[in-house]
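These are the structures in question, set out in turn.
One chain, chain A, links the two complexes that follow: it is found with chain B in the first and with chain C in the second.
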Partner chain A sequence: MWEQIGSNQRKSVILVVAMALLLVVIGYVLGLYFFGNGMGGLIIALVVWAILNLVGYFQGDSILLGMAKAKKISRDDHPRLYNVVEEMKIASGLEKMPDIYIIDDQALNAFATGRDINKAAVAVTSGLLEKLNRDELQGVIGHELAHIKNRDVLLMTMCSILLGTIVILSWYASRVMFFNAMVGGRRTSSSQGGGGAAQLIILAVALLLMILAPIAAQLIYFAVSRKREYLADASSALYTRYPDGLASALEKLGASTCQLKSANKATAPMYIVNPFRKKGMAASDLSSTHPPISERIRILRAMGGASPSEYDRAYQQIHQKGGRGIIPGSAISAAGAISLRAASPAAGKKEPGEMQRKRETSDALWKVNKYRTIDCECGTRLRLPPGFRGNRVRCPHCGRTISV
Partner chain B sequence: MICPVCKSDMIVVEYKDIELDHCLDCGGVWFDAGELALMLQSLEIAGHGLCLAEIIKFPEAISSEKKRRCPICGHRMKKTILGKEPGTLIDVCDRGDGLWFDGGELAQLLKHLVKSPGKEQNEPQKIINFLGEVFHAQE
Partner chain C sequence: MLAAYIIGGIVVILAVIFVALYNALVKLRNQVKNAWAQIDVQLKRRHDLIPNLMETVKGYMKHERETLEAVTKARNLAQQVASSGAGVRSRAESELGAALGKLIAVAESYPDLKANQNFLALQEELTSTENKISFSRQYYNDSVLRYNNQTMVFPSSLVAGMAGFKADDFFEITVAAEKETPKVSFT
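Presenting the complex of A and B:
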């Protein structure tokens, strides 16, 4: 597992270790401050971390999907989406079909989750299904399955748990400190007249850490997450052999200003594009979880083949710094030169238009939400909520009374 | 979706591939932003997508009617007048989630349409005409 997560990505591993060290240091210093014993604090920090890890490991995906208000669908609910996921599952070489979820939201976004590759899930928003054509959808699903295949989900879950522990510790420590200062401040200062200087230094360090640690951890978290995005883009190009599909999907995602309602800071790196992006935001800074969309598009468009080495070449060409690429050597050597394919032919299976895609998606959502469908003879279709009482309904278009 | 007036679960009426949420208790109709854009798009090729944004900019109507909350985002909606002579008092979500037509307003609008079908071909009139077509049997 580690070999694959960190395959030649020593940097990712170093960043994770740095985050773990940060947790250890903050635990130790807070212990020193509160109990005069560093080990005690360290143990508390590790216990909190262990508990969060257990919760995250066993419940993480269901918590995440629940927070995103994602609804699981089957093959019959949305055949086109199921089909695309199946294609990409085969192309990526995953052994088991991931579960598919739809989020009822007009924003365009998607994410993957699941601690191991045999128990993974991908979630897409309904807006995404409506706005993207088959090639674009394939690119996005390829990107998400690459996150699963590259074990990014596990790495990012571990990182976000480390981040979460640091944030929780600092938050509670600051509350306790404040409370102590209000209630027992005078007593401690009178009982411990001597040793004030040492106490003061520890206090200063603890305060500093409490403010800086969450910020530092967040920056590390973002740095790890940005790296994984490039690799997932490269893998998606490899699976689809059509990088233009993902590029044009990213264009649409970037142009949409609709914000995802159910996203929050901790889950932001899981999505294909940053859900908090605003119009005109300078995307390329330390605190962004994703590389700027425009850059990702330019790299994909500059690709002359579909192999990871070609992605690497395009990346270097865009950055023009020469020197190092972004894709680990193992990924490059694993695949030889792979040619691009043409865009999906318009003939054969007809590509559904936006109206059809919208109806297809809302059909799936009505189904998973257990609405009953009634077709009136006049062509009007009525959908009744699961809580509908009464045994007849009047068609508002033609006035017929239909028994349910 | 929950009716913003009587809080009961609304049914969905799909007509010509456009979905409208309709409350059987109070007769109100919710026209979702996405569906509105699709409807205008299917009627003409150019100039779509701007309509809801335009309606949001309409002047606020003075009315004693109770403020309603958007069934999607839960924020208070703005009252405004759609169409001319006499016009229909509607609620619009200023976050752009959609439009709400009260049951009574809809009935009035339909009666008016039967007497003098709207001839103007601007976008508000198209919305009114479409509603009139869907809720043909509703008087």
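Presenting the complex of A and C:
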């Protein structure tokens, strides 16, 4: 029931092929316009696409993590996060433990990268670690690992590279056309008779394509992205057997008004909720790369079991249009009824409270930034920056001199 | 001549189908084996955590000799039967889980212990190990379900019968988190 979810990607693949066709058409038409030869344009389009692909393939993860200002952590830096990721790794049946990164940001968000299932990474913001309890964190991490397990990262990388190529081509082509028109429309005025009419048609088609293609590509991109989000939610529920955890995490994520500083348009679909929102506004329902948060929550809350078919039933119930679900058929037939588990008993008293989680998270951030920690006898905790050279330091609280 | 070709073709097609079904079964069986190994790793990890936990707790919980001894005893028993069958093992592990659950519940009434950094770290490890045991069991049982289904549905049930793929057992174990933890009230 696990691989089927991932392998049934026919619809997504069709959408990717549609985008590729769009790229071929725009390359051909632009070639026709600029060189009077479709093949030339096609070759340029493919070269741009190939270059972006190479960059994406070899540098994609590090660029993404670098742009998000994510810092890699080890087990000792944040044991709770590490453990939760390992738990979800076991539940999802992933073979290799993904790398874990923390983003120092008060916004609540998380994302996963890694085209290769064995070289994946998850990143979470420090705000998320502070605000979510264990069950909620488990739901979010389950969602991210589902993206890895379902090969969504590969799919979305392919999509975004195609989208990028289309956008770049239309942008440059439209500038050049505009420039030509300003200079005096050399091309159209020099041609005569029937040739001029054909030229005009090509011009019209090229103009139309340059306006419409990026929009169409973007819409396809969003469609693919939304589909994968639903699937990852369903998988997370299956892994944790506790959809309420993810639901209440999404409630917190949706209610948060902090904006993620390091996100940009290109990386937006990678996050668990869309990082963009109007200033001071909640994240709910503004997104287009993601389904509305409120809807995702309602589906998760309506689930009476943990299987993908139960998610599908809940989805249909929310949409009330019967028939078409969101989860691929094979995933549904393969899994029988799976019952839910209760909230983990640790969720109550034994779990670290928000204060403790804050301390834990800031400890992790200090460690990741290579600060040294010294405990003074008076109970004060001193943090020494990595550049600190001296061998003695004075405690600002009690005035003792401590040797480093 | 034509008949020979047709028969030959059918034989080849059947052989290909057989190999494909056989390989699918092998893959699923390996997945079951891996999942079982994962449970093993986590159970062993729990056994390894206990001496450390005892060492930390001992100083604080002087009046809880019985609780502590129960945990040590259950752990030793579970270690002894670590190589026996699933039935014996799951019973021993359930005992251990229950004893640990009781210990953690009792620890709630020792504020000094609860403030001990070492104990907090151990508690996190213990909670997580319990979770990992139950998640690995969940994955194991899902794998077994899929493997068993595959040995029973029609075309591949023939292959399974011929090549001797037998249905596997599910693993039932009650970990501390699922066992009802003793209620301790401080009123």
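The rule we apply is simple: the second predicted complex is superposed on the first by the 360 of 404 C-alpha atoms of A that agree within 3 Å, B and C clash if a C-alpha of one lies under 4 Å from a C-alpha of the other, contacts with A are read in each partner's own complex, and residues count from 1 in each chain.
The rule is simple: a residue touches a chain if its C-beta (ideal position, glycine included) is under 8 Å from a C-beta of that chain, and two chains touch if they have at least 3 such contacts.
Keep in mind it's a predicted model, so treat the numbers as computed, not measured.
Of the two partner chains placed by superposition, only chain B is touched by A:E354; chain C is not. By the document's definition of touching, of the two partners only chain B reaches A:R383; chain C does not. In the superposed model, A:R241 lies in contact with chain C only, and not with chain B. In the superposition on chain A, contact is made by A:N83 with chain C only, not with chain B. Shared contact residues on chain A (touching chain B in one structure, chain C in the other): none found.
Within the complex formed with chain B, the chain A residues making contact are 106, 130, 354-355, 358-359, 362, 366, 371, 379-385, 387-388, 393-399. For chain C in complex with chain A, the touching residues are 31, 35, 38, 42, 104, 108, 121, 123-125, 127-128, 131-132, 135-136, 138-139, 142-143, 145-146, 177, 181.
Every residue of chain B that touches chain A in the complex is listed here, in rising order: 9-15, 17, 19, 22, 24, 33-34, 38, 41-42, 133-138.
By the touch rule above, chain A contacts chain C in their complex via residues 1-2, 79-80, 83-84, 86-88, 90-93, 134, 239, 241, 334, 336, 344-346, 349-350.
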